[in-house]
Amino acid sequence: MAGGGTTYGWISLTTDYGRSDGFAAALHGVIARLSPAVRVIDVTHDVRPGDIARGAAVLAQTVPHLPPAVHVAVVDPGVGTARRAIALTTQNGVLVGPDNGLLPPAADALGGIVDAIELTNTAWHGATVSATFHGRDVFAPVAARLATGAPPNEAGDAIAADGLVRLPPPIVAAGVGYVEAEVLTVDRFGNVQLAASGEHLAALGDHVLVGGARAVRATTFADAPHGSLILFVDSAGHVAVAINGGRAVVALGVEPGDVVRVAAASP
Amino acid sequence: MAGGGTTYGWISLTTDYGRSDGFAAALHGVIARLSPAVRVIDVTHDVRPGDIARGAAVLAQTVPHLPPAVHVAVVDPGVGTARRAIALTTQNGVLVGPDNGLLPPAADALGGIVDAIELTNTAWHGATVSATFHGRDVFAPVAARLATGAPPNEAGDAIAADGLVRLPPPIVAAGVGYVEAEVLTVDRFGNVQLAASGEHLAALGDHVLVGGARAVRATTFADAPHGSLILFVDSAGHVAVAINGGRAVVALGVEPGDVVRVAAASP
Amino acid sequence: MAGGGTTYGWISLTTDYGRSDGFAAALHGVIARLSPAVRVIDVTHDVRPGDIARGAAVLAQTVPHLPPAVHVAVVDPGVGTARRAIALTTQNGVLVGPDNGLLPPAADALGGIVDAIELTNTAWHGATVSATFHGRDVFAPVAARLATGAPPNEAGDAIAADGLVRLPPPIVAAGVGYVEAEVLTVDRFGNVQLAASGEHLAALGDHVLVGGARAVRATTFADAPHGSLILFVDSAGHVAVAINGGRAVVALGVEPGDVVRVAAASP
């Protein structure tokens, strides 16, 4: 099943399927049948159902740490409609999923899109394709073939990268003594990750207000007294807010998409 | 550890152990020790504790998409009692677990039972067998041996397939202009899967009432206006009810085992 | 990447990262990049955030059932502070994680600590080490190198095993006709595991009071009437309390760390 394409030892999976049903396992099964030597890394199956922005953020922040792979991502409220199924080739792997904004941030994190293909070659899909489970019937079979070296340009028709659906860029607005930034994600610990990056903090000094509340600049959680709001640069390079021993998301009362203001304060 | 039996490259696991404890990992560990070349696919460990019908439904709907494998399933409220431990050989894999109704639907999905064995050969079990964790001490060790080619008939005594415990078949009753069908499962998206199959819908036309509420016949979720109740044939071939952008299980107020009436309506 | 050390085919992961974010997948990714032939078993990622005692208990009770491995455990509220990063070599595997009490019970379960190393060799760490994600940047890279045969003593400086941080031993106090024991864990089924072991029960007879309520001595769940409180020796060798068809943790109203009194009762 080879022929000119790059081979990949790994396929990663990022979906909103949960783990209570057999959906994620069906993807594992399809991959095991078509490309038994390929191994699978589950990024997460716990994206909130239909939350494309969340899926895109987790995928983009995780792929840099994975080996070269075919990355399958399925958060796909438009499954079965005219939305396109696509594969994006980068210098460091291939992304496979719906054309709904989910994949481009990860493509950027992998060095940018080299080629974009619409998955129109139905010979690569499952024998029957359901209207509601393209993860099993389209994306996983295509990923298995790509991982074993089938060339991406045989998966379908070349399409223009600048015609792909993209999510609106997150809001980041910096001024004198402040930065306003959108909440990108909230992690399991209740830490609130902002779209701002480390350099936005440089101008603000060590004493800051986050959403009006005093916070301490720190490098790690235990650098502040128990219960204190902490502003730090997280492991993905983003500004984030935490509470030593607590959940910042509760203290701030925000959710992804909200905008948080971080401003210089007097000592 | 071979000898006449089929070998399998894969073992699948379906349990109600959850993933917060180390129980599922202990199964992985036992398999890794006894059959290190075999790879494991987790179907799910999130079956509601003791919910045999749910485990049976997820297993039966997932195994057709897995590679040839030994499928271990453990939803086992009678662990340690006189309920039998069994292995069911089919044309497309072996099922291992308790004789409580959990396995036969999957055996049917794999082409039917060829041989049934009670796992009485204690030489295949763990060195010590606890009274409460037969997944670790009986089912996983037996599965590992079967996967490496040990013949099923050496796992214990042949038993009659028609003497196996079977769950009552789900209710499906079709009449003129309606079908009444039991709820089989509710998935992560809140979609309600009924025991009825696609052909039951053919006679009802495009306008239907589901539990008295108007619904639209559709092939995928986005075929109906946001908030509309949708009746479709799901990726497992069952009639299912969804809401575009919502959770049908909440709108219908049902749970597995309840009976839902789908009836033809005027346009 | 070899050199004198033992090689391991497996790395296990025990963390409080959850599975909603990409953190656990990043560990898989780092391991796949550095030691692609090594396979990973997820013990659990669902330790309650920061709950070192819970992580220690799950890890210690699971490792005896895993193949020889490098076991990575990360429940690490002090990440980025002066708490040490360590590797503990035992006769049956190596443990890697923070020096905060998480690892020693598992080391004991694997036969005891042979050597303890502080992970001061930064050449083994990630190219950049974040202040908040040592799982990805320190522990996983070190584990990957150890699994491929790099000798533990090259990971850093030898330290004294008796200087390691240890959790206080759980309370177990036996007297005439009773034993008082701390709750170690509560599992997915609501079963309450006590620090007492089977021999503590021998003196109490078949009729007991658990926290003042009548319970039945049994070997498995179905040995008692539906709804009855059961006292049994669980699959890890600990005294545990269950309810046939219910959740003992609710009936007892306890949580890990609480002390439960088990006393002989009249028939």
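We just call them A, B and C in the order they show up, numbering each chain from 1.
Assume a contact is a pair of C-beta atoms (placed from the backbone, for glycine too) under 8 Å apart; a residue touches a chain by one contact, two chains touch by 3 or more.
For clarity, every value in this text was computed on a predicted model and none was experimentally measured.
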Equivalent interface positions on chain A and chain C, same or different at half: different
Any idea what the CA-fit rotation angle from chain B to chain C is, to the nearest 5 degrees? 120
With chain centres taken as the means of their Cα atoms, state the distance from chain A to chain C in Å. 31
Taking each residue of chain A in turn, which ones touch at least two of the other chains? 19
Of chain B, residues touching chain A in the complex: 9-10, 12, 19, 39, 41-47, 58-59, 61-62, 65-67, 185, 187-189, 219-223, 232, 234-235, 245
Okay, in this complex, where on chain C does chain A touch? 16-23, 25-26, 28-30, 32-33, 36, 49-50, 77-81, 130-133, 136-137
